[in-house]
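Sharing a structure with you now.
Chain nomenclature is as follows: A, B, C and D, assigned in order of appearance, with residue numbering initiated at 1 for each chain independently.
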Amino acid sequence: MSSIDLQTKEIKPARNTFTHVARHIGGDKPASRYQEATIGLQPTQNFHYRPTWDPAHEIFDASRSAIKLADWYVLKDPRQYYYANWTITRARQHEAVEANYSFVDSRGLLSRMTDEVRESACKVLMPLRHVAWAGNMNNTYICAYGYGTAITAPCNFHAMDHLGIAQYLTRFGLAVDDPGVLDAGKNDWLNDPRWQVLRRLVEDTLVMKDPMEMFVAQNLALDGLLYPLIYGSFVDEHLTLKGGTAVAMLTSFMPEWHDECARWVDAVVKACAAESDENKQLMTTWIQAWADRAQAALAPVAEIALGEHGQEALAEVRTTFNARIAKIGITL
Amino acid sequence: MSVTAIGAYTHEPHDTADRFTAPLLYVAWDEHMIFAAPAVVPLSMHTIMADVQSKVLPKLYGAHPEFERIQWSQVQWFCGDRMFTPKPKGTLAEHGFGHKSVLRFRTPGLEGLRGSCG
Amino acid sequence: MDKRVEKKKLDLGSRYLALTQDLQWTTSYQPMDKVFPYARYEGIRVHDWSQWQDPFKMTLDVWWRQQSDKERRLYAVLDAFAQNNGQIGVSDARYVNAVKLMLQVFSPLKYALHRALAHSARNLPGDALRIATQIQASEQLRHAQQTVHAASVYNKYFNGMHEVPRWYEQAWYLAPVKSFADDLASAGPFELMVAISFGFETLLSDTLFVPFMSAAAHNGDLSMVPAGFSSQSDTTRHKQAGITLVKFLLQQDSLNIATVQRWVDKWFWRSFRLMPMVAMLQDYMVPKRVGSWKESWDTYVEAPVEALFAELAAYGLKKPAGWQAACAAKDHLSHQAWNAFYGYGHALAFHTWVPGNDELEWLDRKYPNSFDRWYRPRLSYYAQCEAAGKRFHNHALPMQCQVCQQPMIFTEPGDGRWIAYRETQHEDESFHFCSDQCQTIFANEPDKYVQAQLASHAILQTSGSETTENALQASIADLGVVIGRDNGEFHGSEDDTNFTLWGGGQDMKEAQL
Amino acid sequence: MSNVFIAFQANEESRPLVDAIVADNPEAQVVYSPGLVKIDAPNRLVVKRETIEEIIGRKYDLQELQINLVTLSGNLDEDDDEFVLSWKH
């Protein structure tokens, strides 16, 4: 045998992926990092102790939700996020935000904005810091008490995203005004009657128990109406026309983020509904109820933002939302 | 003390005697830790000590090179911490054993591989 | 007011406060007690949440930037490792068993921490702490996932890694880890913060992620090492959070002191009872040695913990109740663990072996007080049996501690002769423990620990048989572990022969020449 | 008197950090092991932004040091200019 033969040693893999992953993806074939980092990560049985905070359930317990799925790993994230690619995506988006801040700064765009635009932007955006905070709380809740890593991991990322948004809004406020603007926003959130319907809704979501209903209420119904209304109708259309391009630039993360996440949210709802008529019925009821409530809660906010055109804009947003739901296969 | 919990927090133990085909006896040969931990064996408490010595222990420890050198008359027996003198015809129950008791025996002069308790 | 003045950049501290505080409000449409339903039942009193701040002052923009920077580097290394068949570049295929343990133990453990922290991160009623906890929860998921990714390439070529979730849930020898994780997850939001950030991460996590990782680097593992170091940089923040949290709780109300002390006692010991595996990783499972477990303990546990508690004394906190016993165990821990795992080698999902002669000499040098006296004779005996073609197996079902669920392999503190037995009668039932500390933990919360599903007992309940001879091995086989391929003796195993066939370890050997 | 310590991954990026720490902390002891560089100092150790900037010849944000940080012991106090580890007893 020549020495060259000795060099060519065949290094053959014994398997392409983990057995539990192979079971889910239809056989032993190369699996993605998303699949290997997600499927089967959460333990499902043999829990030693009942939670002291919820002795009626196991630590991880699918019965915390009324949604029933034979396999909770059908709730795939089309973005295929695991921590690394999620955080890399967000860092890239953050670089864009920084670039926008630099641009706005270097061109003096903020100082060219009228007081009216600045005040209007703050009036609408500052109370939303608190809405984003609740989104953070609620998605952390789903991460803690939801079932299966396929839903709980992206909810963790989504919670952090909401916190990022709360901090972006804070930074925006500090960039365009003095720190008192944060207090003013909080004061409106707590006391201005026009924010109270929304605050009531938000506080009601904070005490919900079913993690999947919370997913629908927060991520689909509320955010699904709020983001298009605020960052579409108000910031991108209304403020931009009035010379508030800087506001759009400094909040560009939010609409981009919402578009991205909507695909995931829809996939989750669709997969739940596809499993059974019972699930579909539940989803339909939840979406209907929470979207109606969210729309009603956003009505006075739309008025703060868009004045007399507020209701029209909100109605348009709702029509688009209903079309989105129809695409999932749910008729309201 | 009781568990600090948000509501009532009491649970059945998982290993009461009724859940096994026979009560559980823990068995250990002191100073012989190639058998790293005491063994769990389901064993009727009516088993007599002579059978424990001649049937149960050889199965568990017969592989040890010192086992055949044991002088059974010299062996010290313990039920938990309590030393006792076994009656060959006496049952485990009669010697105070019950579900989840520990039976230990010590063999003076035999202290494991090269005296290492191995 | 003129809003057009140029704004000065906020300093780090002010920026952190502005971005972190005051997002929360006192709810009025729903009572605060419903929004934070778990804030009170543990009896912790907090009067002013603003007194707690993240020592690293982390905000999300900075976090995303930093973490993505770490991840880009890490995954570039993992990609390169996979592309270049890095798995055959490790020192020796025995090393891969360390990767198996990392995957079997630490990925699930980190995952459990992730979910448990999410529970705290939703329920702690202070903004700053909750945010730091959320970041921590997220990073624990990072660590769980990157451990899987780092092991992924090894899994393709080596056995003992292919079905970890089932093994973690049910394998008898992983029960101490699962019971630890379940204990955490069933605790309230305050206790589990003290448990994770302080008990586990502050007091003990360095031993695994610093000296062991350094040893792994020495063995050519360019996959797990960057993941380990990278994750420990996150943990450094968690540790600081843990220390400041404990101080904060102690300062907020003197009535908290007794509770925090009890948690510190409990979770130090619970964490310490995970250390046998870490200890044997370092002393037995890395073929090329850097330092011993005992040295790691001295450098990364004993010295910093003594320093830390000298400071905490002013806050009314004493060293954990098990501190002396834990320090006394440093001469014995790794040897007792490897001795047990070697004996139960037919019922694991990794390989075991008797160290080579030069390794035995190394162990003797590192453990002059204990190795030759107690442990070398056992290893020599195993080697002798093996040479005679009759590898030693311990077929017995092990008696386990009711609390930590470790097999009862531990001797009395500082001694190598007598196995420690502790027993408690509770409601006419006997319960057994490996140590004073586990017995105390039980005494404090018996209704929690009577629930434990001890693996040896569960095996007897399901098999229902009176013969226990092969029960332990059968229980592992039921979980998809292939007997002899995934476990048993390393020498002559498929891992061993493949590695040799692939020319594995050559680079290392050449480098040494 | 107890030691504080800080450890970094041993790589090119850590080198100026280690140099800066040694320059600013005369009592610091540097210990190298595979993949790792650990620096011990009695009671207190300071990392100064200015010193690092002098060494690398560019602006430096102290939060960057977390990229290669592996572990530390001691209480941390951080602002824009200094990253200080200390024991207070």
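As a working rule, contacts are C-beta pairs under 8 Å (C-beta built on N, C-alpha and C of every residue); 3 or more make two chains touch, one makes a residue touch a chain.
Here the structure is a predicted model, which means the values were calculated and not measured.
Visitor: By C-alpha centroid distance to the whole-protein centroid, which chain wins?
Guide: Centroid comparison flags C as closest.
Visitor: Measuring centre to centre with CA averages, how many angstrom lie between subunit A and subunit B?
Guide: That gives a centre separation of 58 Å.
Visitor: Can you give the whole-Å distance between the Cα centres of subunit C and subunit D?
Guide: Spacing between the chain centres: roughly 27 Å.
Visitor: I'd like the Å distance between the centres of subunit A and subunit D, where a centre is the mean of that chain's Cα atoms.
Guide: That gives a centre separation of 38 Å.
Visitor: Centre to centre, by mean C-alpha position, how many angstrom separate subunit A and subunit C?
Guide: 32
Visitor: So which stretches of subunit B touch two or more other chains?
Guide: Counting only residues that touch two or more other chains, subunit B contributes 3-6, 9, 11.
Visitor: Which positions in subunit D touch two or more other chains at once?
Guide: none
Visitor: Specify, in ascending order, the residues of subunit A that touch 2 or more different other chains.
Guide: 50, 52-53
Visitor: Classify the chain contact graph as line, ring, star, complete or other.
Guide: Its topology fits none of the listed shapes; call it other.
Visitor: Residue numbers of subunit A touching subunit C in their complex, please.
Guide: 9, 11, 13-20, 33, 36-37, 40-53, 59-60, 82-85, 87-88, 90-92, 94, 97, 110-111, 115, 118, 129-130, 132-133, 136-137, 140-141, 143-145, 149, 152-153, 156-157, 159-160, 163-164, 166-167, 170-171, 174-179, 182, 186, 189-190, 199-200, 203-204, 206-207
Visitor: Within their complex, state which residues of subunit C touch subunit D.
Guide: That would be residues 11-13, 55-57, 62, 66, 69-70, 73, 206, 209-211, 213-215, 217-218, 225-226, 229, 232-233, 235-237, 239-240, 243, 290-291, 300, 303-304, 306-308, 310-311, 313-314 of subunit C.
Visitor: Which stretch or stretches of subunit C touch subunit B in the complex?
Guide: For subunit C paired with subunit B, touching residues are 37-38, 41-43, 188, 336, 339-340, 343-344, 373-378, 380-382, 392, 394, 396-400, 407-409, 416-419, 421, 423, 427, 429-432, 443-448, 450-454, 456-458, 460-461, 464-466, 468-469.
Visitor: Name, in rising order, each residue of subunit C that touches subunit A in their complex.
Guide: Counting only subunit C, the residues touching subunit A are 1, 3-4, 7, 10, 18-20, 22-25, 27-30, 34-35, 37-38, 41, 59-61, 64-65, 67-69, 71-72, 74-75, 85, 88, 107-108, 111-112, 114-115, 118-119, 121-122, 131, 134-135, 137-139, 141-142, 144-146, 148-149, 152, 155-159, 161-166, 168-170, 178-179, 182-183, 185-189, 448-449, 451-453, 480, 498, 501-503.
Visitor: Over in the complex, which subunit A residues touch subunit B? Could you list them?
Guide: Residues 50, 52-56 of subunit A touch subunit B in their complex.
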